[in-house]
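Before anything else, here's the structure in question.
Should a chain be cited, it is by its letter among A, B and C, assigned in written order, with residues numbered from 1 in that chain.
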Amino acid sequence: MTSLLAELRGLSVSYPTAGRTAFALREVHLDIAMGERLAIIGESGSGKTTLALALASILPPQARLAGRIDWPGLARAPVAGRDVGFVFQDPGSSLNPVMRIGEQVAEGARRHLGLGRSAGLERALSLLQRVRIPDPEAALRGYPHQFSGGQRQRIAIACAIAARPRLLIADEPTSALDMVVQAEIVRLLDGLVREEGMTLVFITHDIGLASGFADRIAVFRDGALVEAGATREILAKPAQAYTRSLIAAHIDFASPRLIEPA
Amino acid sequence: MQPLLAVENLAKTFRSGGRRVTALDDVSLTLGRGETLGLVGPSGSGKSTLARVLLRLVAPESGRIEMEGEDWLALRGKALRERRARVQMVFQDPLAAFNPRATIASALADPLRIHGTAGRAERPRRVGELLERVGLSPDLAPRAIHEVSGGQRQRVAIARALATNPSLIVLDEAVSALDVSVRGRILELLAAIQKTDGVSYIFVSHDVAVVRVIAHRVAIMDAGRIVEMGETEGIIREPGSATARALVAAVPRLHR
Amino acid sequence: MSFLARFLRSPEGVAGLLLLACLLAMALLAPVLFPRDPLSIVGRPLIPPFADWSLPLGTDRLGRDVLAGLMHGARTSLLVGISAAVVALAAGAVIGTLAGFAAGWLDEALMRVVDAFQIVPPFLLALAFVSVVGASLPVIVLAIALGAWTGAARLARAEVLSIRERDYVAAARVIGMHPLEIAFKEVLPNALPPVLALTSVIVAGAVLTEAALSFLGLGDPNTVTWGSMIAEGRNVLRTAPFLSIVPGLGLVLTVLGVYLLGEGLVEALARKRRRQ
């Protein structure tokens, strides 16, 4: 039995709106094992992003949280940026457009690991190499707009892992990118968490993408957990009709064509 | 037989911050009636620019487009506005594709009014018919666009494209922003419309697996050029170009 | 939550609304409570305020009722202020939309006209215009609008330049909509909110400009205005300061009310945007 990093017990998140309370997440029980790659699958409105924000304790201030998140795998309550790294969907808006790449990547390392300026830049350089940015020395002095969408997402990943977090949360990190770049980013994330022994929570709407690398899958719908389990089991024997419909809706080269050959 | 659309040697470069970016480089293709051509490529490959050139939203530097035997790039002013009925478009983000103040009824009545397809008194009935054709209840007509779900909105966008009885609809990443369960339904709707109306589609996407489901032929684009074009299944089975190989390899498969 | 409910939650907005409601009531009730011409003589000259209860705010040098003047003056101030703002905003929005939407030479030409107007200080422009054409209410409204429309035009143009690139404008072109219809039906209504936020600044400026013109004797001589009352009181500023202070307070409260109301509206709009 592997040890647990986090335990979600009856976790609910709600937003007060015009007289009534809208639940974004309802009574979620979920364990996250140390070192696993967990995929959170859901469509829009499923609460998957809310779950990611709650795990990283970066929910907006008006959100109300009930239930608990325990962290048996950490000695203390997690610090965002230090113990939990976060990769957002759109690297165009998560990176600061007027700050040099080197300083942005070094920032987390300097703040949380107490590195000095030059040590921070050295760490940034090695991180940019790890996320395979071409010519990392030059990239340190560059600005976000000089990079393509896929490279920006690599830089955002370098920022997220700068302080050696135990948990890396990636919220739809590839849905703004094309498929070739998506495959590269997924391979990169997968490799990084293996090498560093990090835990990965990967939020996506694409069950096929998740099935390629996740150890476990948790399916969400309308703010509730539908089912969770080992990837192989969920895909082979989905217990819930909704999971079956998601699997059926996946389109790959085995899907039936809708046209007759011309 | 004369093709519906014949594109020859299109070229287009953009200038961005002093640099010249080639968006289209010697692009030629043809499209038959009732046929779907998939346009696939990585981002920045020029597929969206090609779509916008075909819709006369962007002017190419050189090249020719023949649409139903007519010089499509020579049309100007009123003649162009009238002929626009023949070529319609569905955008990626259905929320951004409608005026934020529009209701479903007003969005669908606009093309009917502009092209004189239906008189004022007849329009509500025609709007209802259009909604039914895309699988929506006519009762939705008075709703604001932002009040309905993403899938319903994309159906309204398809209804708007159908309102002018076009012979070609350009679908620019029309299912990419939709939830997976909605995506399949929209693809089924598009295929059904083609079967009954014989409309042609140009289906722009970065996902070859989705293109395979709906497109008879596919053109693979990279850096503004068509690097490979042919029958969809054939290209997926034996991709000839590096771009096509990368696109095919990138499709996530279900690992059961 | 409705827009009204959000608006009512901002204290500035409510204060501004109350102030302007009082001023509007004054303006509307003036002909009912004081049916006589406010320029007519009703009593002894220079009665101080609160001395004679039939003339609560006293009389001026010629024995005219100050309260009647104040209330009829509110009419002029609000009428000129609001009309000038409407004219300036309408002209600015239309010209800005055309410039932003047409691009090319028309944009260049229209923006150079805007520059030409912005080089001249607005008050001098109004002054010159009124002294050449002659003083009457419509001329004064036009004169003030001449100096105020350029801000609205610049803002509308900037907004249109960004909206022009949106998908729904492309969609309107694809269905064959006429460019003018696209400009005024699809683009302009969506470009308006930030332009309308200028209303309070323009109305307040217009009220002050009108008062300044009247103070210099360039107002319509047949209507009472706060500016002309202050000018009138200036001659006896030491002996009867109330003659200048009363209409001056009217001006202060009007401008304050307009600003507070504008602040409340902008805040309610911002809250709406945050929720989306």
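Please note the rule applied: a residue touches a chain if its C-beta (ideal position, glycine included) is under 8 Å from a C-beta of that chain, and two chains touch if they have at least 3 such contacts.
Computed from a predicted structure; not experimentally measured.
For the pairs B-C and A-B, the count of C-beta pairs in contact is higher at A-B. Taking the mean Cα position of each chain as its centre, A sits at the greatest distance from chain C.
Centre-to-centre spacing of chain A and chain C amounts to 53 Å, using the average Cα coordinate of each chain. Between chain B and chain C, the centres computed from C-alpha atoms are 49 Å apart.
Distance between chain A and chain B, defined via averaged C-alpha coordinates, is recorded as 32 Å.
Touching chain B in their complex are the following residues of chain A: 43-44, 148-149, 177-183, 205-209, 211-212, 231-232, 235-236, 245-247, 249-259, 261-262. Within the complex formed with chain C, the chain B residues making contact are 52, 55-57, 81-82, 84-85, 87-89, 91, 93, 96-102, 110-111, 114-115, 160, 163-164. Across the interface of their complex, chain B is touched by residues 166-168, 170-178, 186, 189-190 of chain C.
Of all residues in chain B, those touching chain A in their complex are 32, 35-36, 42-44, 150, 179-181, 183-184, 187-188, 190-191, 194, 206-210, 212-217, 231, 233, 236, 246-247, 249-256.
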